[in-house]
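Next come two complexes, and both contain chain A; in the first it sits with chain B, in the second with chain C.
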Partner chain A sequence: MNALLNIIKNFPRYLWSGWGAVSSIFLFITLWEFGFQQYGELVLPSPKNTFHTLWTMLHTDNIMQDVLITVKRAIWGFVISAGLGSFLGMLAGLFVTASIMSRPIITILMGMPPIAWIVLAMIWFGTGDNTVIFTVVVASFPIVFVGALQGSRTLEGDLKDMSDSFKAPLLMKFTDVYFPHIFSYIFPAWIAALGMSWKIVVMAELLSTPDGIGAALAVTRSHLDTAGALALVTIMIGFLLFIEYVFMEPIKREVEQWRD
Partner chain B sequence: MAGLDAELHVQHLSHSFGPHEILRDISFSLKEGRVISVVGPSGGGKTTLLHLCAGFLDVEEGKVTNTFNKHAFAFQETRLLPWQTTLDNIAFGLKAQGMKKQQRYQLATEIALRFGLEKKDLSKFPKDLSGGMRQRVSFARALVIEPQLLFLDEPFSALDIGLKQELQQILIQLISAGRLTVFFITHDLMEAIKLSDQIIVLDVDPGRVAHTFTIEKPQQERDDAYVYAETAKLLANPVIIKTFELSIASSRNKSDNGVTA
Partner chain C sequence: MNESNVENSSEKSLPGHIKSATKHYDNYPQGNFHPLLAYAFRPLFILLPAYIAISIILWGFIWSGSLNIPFMTNIMAWHIYEMMFGVASAGIIGFILTAVPEMYDGVTPVTGKTVLGITALWLLGRIAFWMVDIIGIYTVAAIHIPLLLWVTVLVARPVLGDPLQRNVSLALMFLAIVVLQCWFFASMAGLVTSDFMSILKVSLGAFMVLELLVLRRIATEAINELLEQDNIDDTFIARPPAYNIAIFTVLLFTIIEFFYPQNTMLAWLGFAAAAAILNTLNDYFLDDSNIVFKPFVYPLMLILIFMAAGYGMMGFDYLYDDLYGINHFRHFLTTGVFGLSFLMVMIIVGTIHTGRELHSDKWINLSIALIVIATLIRTCIPFMPDHSMTMYTASALIWAIPFIIYLVRFYPLLSQPRADGLPG
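Let's turn to the complex of A and B:
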């Protein structure tokens, strides 16, 4: 509760510190304009043209509907992998055998290209939400799992002895000793998994569904509508930046301030 | 239970880590209101002995009986929670007892200031504190719960001289007021003479009682001259010479302010 208040309190100052980021985005747009002047409209439409397309897209098409569908899928995939990965990872971390046994499985999950999962998922689930969500989960789950596993594997006997010496009750041992430690491993894993979910969801949609941003991207490709494709990419990046910098970063600052 | 005869009784205690024999046949008894110091070179098994008495390690051979009903620790490596502020760290034991937030923060603040911490340090995390400050926090965390028996594992070793004397003075006051029983571990013979009623010298490899002696003079009456004189007397004792000769050879680089200093 306190943490939440702090996040809100520090938010304006944090936003103000974002001017550096904003200027680097403008620099990027300048380079983009430069590329357009070199290669022409078909290869790289100008930022102006792209933003204009984006504007009309947001007003005329049902693009917001697609965006919502995509966001919903990404969030479902993320929530499932975060929940499952945190729980199973922590559990596996408590047992030496389980941690050793889970390693090759994780290596396989991490090493297998998501595109292969998409093909399998399409065979198993057909085209639709399930295929996309499944692919997101297989791609993000291992990241969270490994984070949680390391978190619970590295719990220290020293701090447990300390809390025992003060006869701390079990609940307090959990909230004050175990949880903050494990969370410090799980939280960065969540952030990585969220980024992963957002990338995978678009890819899976492009190949396997009739709706969502990925599907819209497939349509622009078949029409050779480069400006439309870039407009969609802009939407995706906009979302990513929004989630990363408006949600995750302030939370991260608050929960990780005790770290070096 | 809490009565006048609470004691920590150790009988024929031995301990090994695997094939390595650490402690052999240790016996002593710590009665309420008294201070026992265990001195000996680093690596001699002092921390192990303390952990056995405290129940962190299972007793394999011998017997430990502890009838004190509230004890606290100050650990050698402080063991503060890195994700909690100074204030929360100090208040840890109070929170464990179920004390309300406002009250425990008040007590923790009082003791922190008394132990030479400043107001602005209270909201800092351990990473932003110096080694000496961290040890103060750890010491405050142990004392704020007003324990009956206090286990101290070289709590002063990272402190500068001034603060060390200040904290020793606080300890002496509490001891003289009859409110505290202390099991104190150190590699500093002078510190032991200053604070204890009884000193156990631990020999190394394996750790066993080389010598035990008692100091009758009340702690408050032991001035510097007395402490120096007693230390000198002890250092002339052949048993001590033998024990600490070993320590000079084996732990010169480890001990920063030991008896060799």
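Let's turn to the complex of A and C:
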């Protein structure tokens, strides 16, 4: 509860600290504008035109429905892979044998290109939500698994011994000794998995579903509507930035305060 | 600078909060100087507000047609030039010649005849400016250019001699401004083909970079002093990386504006600069105490906010073709940033360096409010074109009032010996 209050209390200041990132993003958009001026509207539409298209899309088309469908799929995929990966990874980390055995499997999972998973998933599940969610899970799961595994493998024995000698209650041991350490490994893995989910969901939708942002991207491609495609990409990046920096980062800062 | 020093300076007798502004007394030259010549800021900070008030009236007459000075048929260019190289330079000279002896041990403050010479040259420069059509551009250049060059030479030795190279960027920016001044004169005289308005825009960018460099130093010094004075156990640190990003974006904006005027890239660069400048405000949010609304802190923040607003609104203008307000929005940087920084520097230096405690009062708050109002009126002209003439006049008059208030209130302080009995 205190952590939540702290997050809320520090939120305005945290939000203001984002101006540096905003500046970098605008510098990147300047580079984009330069690219447009060099190669023209068809190859790389101007940022202004793209944002205008985005604005029109948000107000006229049913794009918000597609966005919600994609967000739902990405979130589901992310939640399943984060839950499953964290649990199994921590569990595997507790046993040396399990750690050694899981390693080649993870290598196989990470080495398998997501596009191959999409093909398999389309055969197994047909076209629809399940294909997309499965692909997201299978692509993001190894990232979280490795993070959780490393977190539990690297727990410091000295700290455990100390908490044992002080006869700390189990809950306190978990919240004050194990959790902060494991979290510092799992959280970056979650963020990486979230980024991966976002990328995979669009790719899977593009190939396997009739709805969602990915499907809308396929339509813009067939119409050679580069501005529309970039507008859709902007929506995805906007959502990703929003979730990562407005939700994830404040939690990370609060939980990882012990590192300071 | 002079080498002879006053022995046994009496720092111990000073109030704690102004100790940091008394380093130079170890090196203050011997001799009895008239109070007006005891430090460079003294005569300059009397003449500057007086000149601002007089020039506002004169410009009012010129724009209304009551006074006919053709200014080589380029009234606007010369008006901008004078507000930067005439008005702004006095503020910066007053500040830099006071700050350098504080920044470096062993630097002797400029006093006596040198102060008289610098002040006379600045004053002569103002008179020459208004007579440019009679005496010619070369005479004006011959009077104007040596002033900043002289000051650059005076501060270059300690700054460049510092093994830590802490303030080399300041010296380089000073030199860049001198070069830009020469370039402007060369352009007006037809010696180079560069567009003089573009040179003035570059100059404004250079002045903004100088502002950021100076502001970082002033904020660190002044705010920590105020924290100590109020017994607040916190430290203010103006973090260089944030200022470096801001300086980088402002420089990029300035360079692109010169080489590719009207390019849409400037819109995004304007936004980038605005965001980077707002990012520097993070330093003002301390961990354990709220200092944002403290006297002398909020005006420093306002300077940065105006600078961000200036670049942000210019970016907005470059993005929307049907909005013709860029030169009005540029006044966030001149009316706003210049106005507030001159006023704050004059108040802080004029108080501390005349041996008094730094304190705020209703006049200071009123003056800050008037500059804010003047800036908002001036920059809102594009949105209310029907009232433009009234707004021009109101903005100019309101902007001049704080400087008149300063002159009346600070003349006794600046023209009399230090309150604590120290020299300088």
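The definition used in the following text is that the second predicted complex is superposed on the first by the 259 of 260 C-alpha atoms of A that agree within 3 Å, B and C clash if a C-alpha of one lies under 4 Å from a C-alpha of the other, contacts with A are read in each partner's own complex, and residues count from 1 in each chain.
Everything below uses one rule, namely that contacts are C-beta pairs under 8 Å (C-beta built on N, C-alpha and C of every residue); 3 or more make two chains touch, one makes a residue touch a chain.
These numbers come from a predicted model, not from an experiment.
Judged by the touch definition given at the top, the superposed model places A:163 against chain B, while chain C stays out of reach. In the superposition on chain A, A:23 makes contact with chain C only, not with chain B. When the shared chain is aligned, chain B comes close enough to touch A:184, but chain C does not.
In the overlay built on the shared chain, the residue A:176 is in contact with chain B alone; chain C does not reach it.
Of the two partner chains placed by the overlay, neither chain B nor chain C lies in contact with A:130. By the touch criterion stated above, A:150 is placed in contact with neither chain B nor chain C. With both structures placed on the common chain, the touch criterion links A:99 to neither chain B nor chain C. In the superposition on chain A, contact is made by A:46 with chain C only, not with chain B. Of all the residues in chain B, the ones that touch chain A in their complex are 51, 54, 56, 71-73, 75, 77, 79, 81-84, 92-93, 95-98, 125-127, 145. Looking at the complex, you find that chain C touches chain A at residues 242, 245, 249, 252, 263-265, 267-269, 271-273, 275-276, 278-279, 281-282, 285, 319. The touching residues of chain A, when paired with chain B in their complex, are 158-159, 161-169, 172, 176-177, 180-181, 184, 257-260. Of all residues in chain A, only 13, 16-17, 19-20, 22-24, 26-27, 29-30, 33-34, 37, 46-48 touch chain C in the complex they form.
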